[in-house]
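If you scroll down you'll find the structure; I have some questions about it.
Naming follows writing order (A, B, C and D), and every chain is counted from residue 1.
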Amino acid sequence: MADAIFAGIQVAMVLAVWSYLYKENIFSKVASSIVISISTVHFFLVYVQRTIDSAVIPLLNGRISYIIPLTLGLLMYTRLTKKWAWLSSYAYSLQIGLGTGSTLTTVVASSITGRIAMLINEPFKGATMFDKLSGTFLFIGAILSMTYWLFTREATGIYGYGVKIGRLFLMASIGMLYAEDVLWSQSLFVGAWEMIIDNFIKAVILGIPVG
Amino acid sequence: MGEQRSIWYKLGNIDYRIIYLLVALMTAWPLWSPVGTPMTVGENVKQYAEHIRDMEPGTVVLCGFSGYMTMLPDIEPIYLATWKMLFEKDVKIMVRVTDVDGPVVIRQEFEKIKPEENFGKVYGVDYMIFPYVLMPTATEIAFTDNIRTVYPVDYYGTPLDDLPIMEGIESMHDVDWYFTSGADWGNQRYTIPYGVKLLCWGTGTGLLPFVPPFYDPVSGPCYGYVGGASQGGELELESGFFGAGVKYNDCKNLAILGLFAFVLLGNVSYFGEKYLGGS
Amino acid sequence: MGLIQPDRVVEFLWLVLMFSSVYYYIQKAIKDEPLPKLRTIPATLAIEEGIGRSLEMGKPVHYSMGSDGAPLTGSGMSTTIATLGLLRYVVRNTAQLGVRTIVHLPSQGYAIPLVEGAVREGYLEAGKPEAYRKGDLHYYGWLTAAFAPGVYESFVREGVGLFIHAGSVITYSFPVLEAAKIHGAISIGGTPRWTATYIFAIACDHLFIGEELLAASAQISGNKMLTSGLASEEIWKFLTIGLLIIGVVLKAFGLPFDVWMMK
Amino acid sequence: MASSTFWRRDLPLLIIVGSAIPTLLWRYISHPIIDAIFAEVGNWSSIISMLGWGIAVIYLFQGEYANMKQKPDDVPTRAGFYALCAFSALLAFNSVTTGPDKMYSDAYQWWYAAFYRSESTAFYGLMFLYLCSASYRMLRARSLESFVLMAAGLLYIMRSSSMFALWFPWCVPVGEWIMNYPNKAATTAAIISATFGQVLIAVRQMLGRERTAIEVG
């Protein structure tokens, strides 16, 4: 019985959301309201619980240094007042500082020197002549693509042709990304249909076992 | 001439709702009545499965599990097939939940697998789950260095030292394989100082465009990858643990036919209008 | 203990170069010395056009940085800062012309004070702090599944002349861009996240491709101190291209330049 | 005034620079004390982020309240929102206090998955339909660039579809080649350029020249 109700709720929710395709209506609004409310409570409780487990309890057990992040975190709430709103900047300054540090350290190796080393290696690494030529093609393509993001030069003359060829590489890549998303969203679309056809119509209404 | 142009124009401006309806029906039909479109297993999927089969007894595996509920249809076939393959072997499995939905989803996943009933595994001895912690970069780095500073307790609130599986596991030095959703810098930090080998699992969109540049089945850092429900189906076929991935294959194939038909129609309309329809 | 970790020397040298070149150009800007001329990023011109159009139509401008668009920790921080700079610029210009700006807040709760602060600053810069309305900041909780219908409803209720969608955007924002199109808005967007670029290529009237968004934020500020940074960035790019060409030539002669890069 | 500038502008800037320094030190200098400081600050960041989510809840309720005032006819939907919030909270509270595994009791999981999973899957699934209609409208060979975009995309979709892979086996190596060469070239270029942009902002931040974060308030 619980499974049937579960499947019924899921179908009702799927249909309510899909009715949004036709136009916005009371069903789609209700579905959205339900999910916001449930997820609000869930996220809030998860974070409260995690804050207690990973900050408050260790603090009570003698980890005094945690008073600093707890105070800074609470300072964020000063944003709700007019007079003290500026105090919230202390909390996110620490976050931004760590973000700044991460940017200056981890990404230089992975996204700059690491990529340069990889590109230099490409024309030489293939086992066959075709692989080597493809690697050279990749190397040239990467340089030409990079010219698109040079801001001190206008794309004219021979340089302009280089930029245009670089753009073709960018377009091929954008096409691939589009393809990936088509495939991914398709899985979810099938997943939603599964709730309707397999879990509800077949299993609940017709009583056919679904494998 | 004018009438011809209007035909091309009409072909290129079909009401969206007709497109939605036709594609939706093509997607749904195989669920109702399976068509049985053929499947082949890709090279990368074979390699991924091969690495799992080759794991020695006692190997320590850490699984980065996002458990993002929305994405489950695209990734669940991979999770389930992988875990079933791992549970068949005598390896130690630790699961790290990386998304806020994860704490709920992880329990559902393990209820589907039933490690105790189906594989004779015991929680705390053969596998364990870490609780969800929001992990900015710095926290993750702290975790790789000393697991217990970030996770004093497991998912059920048991201190890590009380779990037999955690004996002798202090940092990433003690982990052999890491199942993760990417092989970029954030994940390579497991490989470079700690020598953990990466196997990548994830959604098609989040994994497939990025992982191939890091993939090398012999030297890594990514030793194998499987992304998206299509490849999930291939993994099911390869491992023999059939599930939703194989079932989705039919629907996906037919829906793509629909998409292609509409793209073709759009182009016929465009060229028809340009070359035959006059201006 | 070595002072510098042995496999990070080249990386460290890059950092030193980056800091010194930015510092050099900032000093030039302070002394008011001439800086290299930068090409205009096309999408920035479209912003003013779009604001003007909104004024004519009597419709508001909508700004969104994406449902998950304000990461602060990790390297996503820079994108957040850039999009906040753009937001501030948009609010300043709309406030000056008396056009309303509706901001759709990102899901990250901890970033809300920062976004709110940027909007307030925009109004302050326009000399109209009293025009700031907290009700124009809309928050939809944690889910894109709630974010997209929320933005859609806002388009229906308030109307939309210009929709700017820029930041750490993920591809789930595609329905929002489609909705803006349906409601007749000009849409401008972009993200440095390469995976999501295609949604803007398919659905936007004007787009920032990749890094253009980060550069645009400095360029539109009109602040010489910020634009001077872009000049130093050009040096890094030319250096990269140069290193690639030198590296491949040396490698052809058997010298492992790629290995040196990782020293 | 001067002291106000210090508290409102200079101190946040000092915090930014001060908290970035442990990361830089950690990266380039190997020392246990630096590692310990870095790990500690990392934990702080996690705690602040988690506490910060509470402010989002307040914003959400403020927004809902404003909507109720603005649109009185919508009150039933909004009232339903509050009722469900309360019910979810009760269920979770009940789990926390009585369930064996804190808040993730079976009842709570059932409740969460029944509504949340279906709604979000259905919503993102719609994206496939949107992409179909956008493909029909936009994927046209209007120019060489748009032809390349279309061809690359469709070829890769073919490569990933088992049926096409069987009918046209050539699409597998071609699709893989586009993925591994032209796509990799453009992606690498985009990553390098975007990283330069990100690093530039971080450097400006460290030099105190990035105003966006520090002059707020």
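One rule holds for everything that comes next: contacts are C-beta pairs under 8 Å (C-beta built on N, C-alpha and C of every residue); 3 or more make two chains touch, one makes a residue touch a chain.
Since the model is a prediction, treat every value here as computed from it, not as a measurement.
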Item to complete: Report which interface contains more C-beta contacts, comparing B-D against B-C.
Response: B-D
Fill in: Chain nearest the overall C-alpha centroid of the shown protein atoms
A
Worksheet item: Can you give the whole-Å distance between the Cα centres of chain A and chain C?
Response: 17
Fill in: Length of the line joining the C-alpha centres of chain B and chain C, rounded to whole Å
30
Worksheet, complete the sentence: Where chain B touches two or more other chains simultaneously, the residues are 20, 24, 27, 70-73, 100, 103-104, 133-134, 136-138, 150, 204-205, 208-210, 213, 228, 230, 252, 255-256, 259
Discussion item. Please output the residue numbers of chain A that touch at least 2 other chains, ranges allowed.
Written reply: 17, 20-21, 29, 32, 35-36, 39-40, 42-43, 46-47, 50, 54, 76, 79, 85, 89, 91-92, 95-96, 98-104, 106-109, 111-112, 114, 116, 118-119, 139, 142-143, 146, 148-149, 170, 173-178, 180-183, 186, 188-193
Worksheet item: Which residues does chain C have that touch at least 2 chains other than itself?
Response: 8, 72-75, 77-78, 81, 110-114, 117, 140-143, 145, 149, 171, 174, 194-195, 197, 201-202, 210-211, 215, 230, 233, 237, 240
Worksheet item: Looking at which chains touch, is this a line, ring, star, complete or other?
Response: complete
Response to the item:
Given the complex, residues on chain A that touch chain C span 17, 20, 24, 28-29, 32, 35-36, 39-40, 43, 76, 79, 85, 88-89, 91-92, 95-96, 98-100, 102-104, 106-109, 112-114, 116-121, 123-124, 139, 142-143, 146, 148-154, 170, 173-175, 177-178, 180-181
Item to complete: Can you check the complex and tell me which residues of chain B touch chain C?
Response: 70, 100, 136-138, 205-206, 209-210
Worksheet entry | For the chain C and chain A complex, residues of the former touching the latter | 8, 10-11, 14-15, 36-39, 41, 71-78, 81, 110-114, 116-117, 140-143, 145-146, 149-150, 152-153, 156, 171, 174, 194-199, 201-202, 209-212, 215, 230-231, 233-234, 237-238, 240-241, 243-245, 247-248, 251-252, 257-259, 261-262
Discussion item. Under the stated contact criterion, what part of chain C meets chain B in this complex?
Written reply: 73-74, 142, 145, 171, 195
Worksheet item: Given the complex with chain D, which residues does chain B contribute to the contact?
Response: 14, 16, 19-20, 23-24, 27, 37-40, 69-73, 101, 103-105, 107-108, 133-142, 145-146, 149-150, 155-157, 204, 208-210, 212-213, 228, 230, 249, 252-253, 255-260, 262-263, 265-267, 270-271
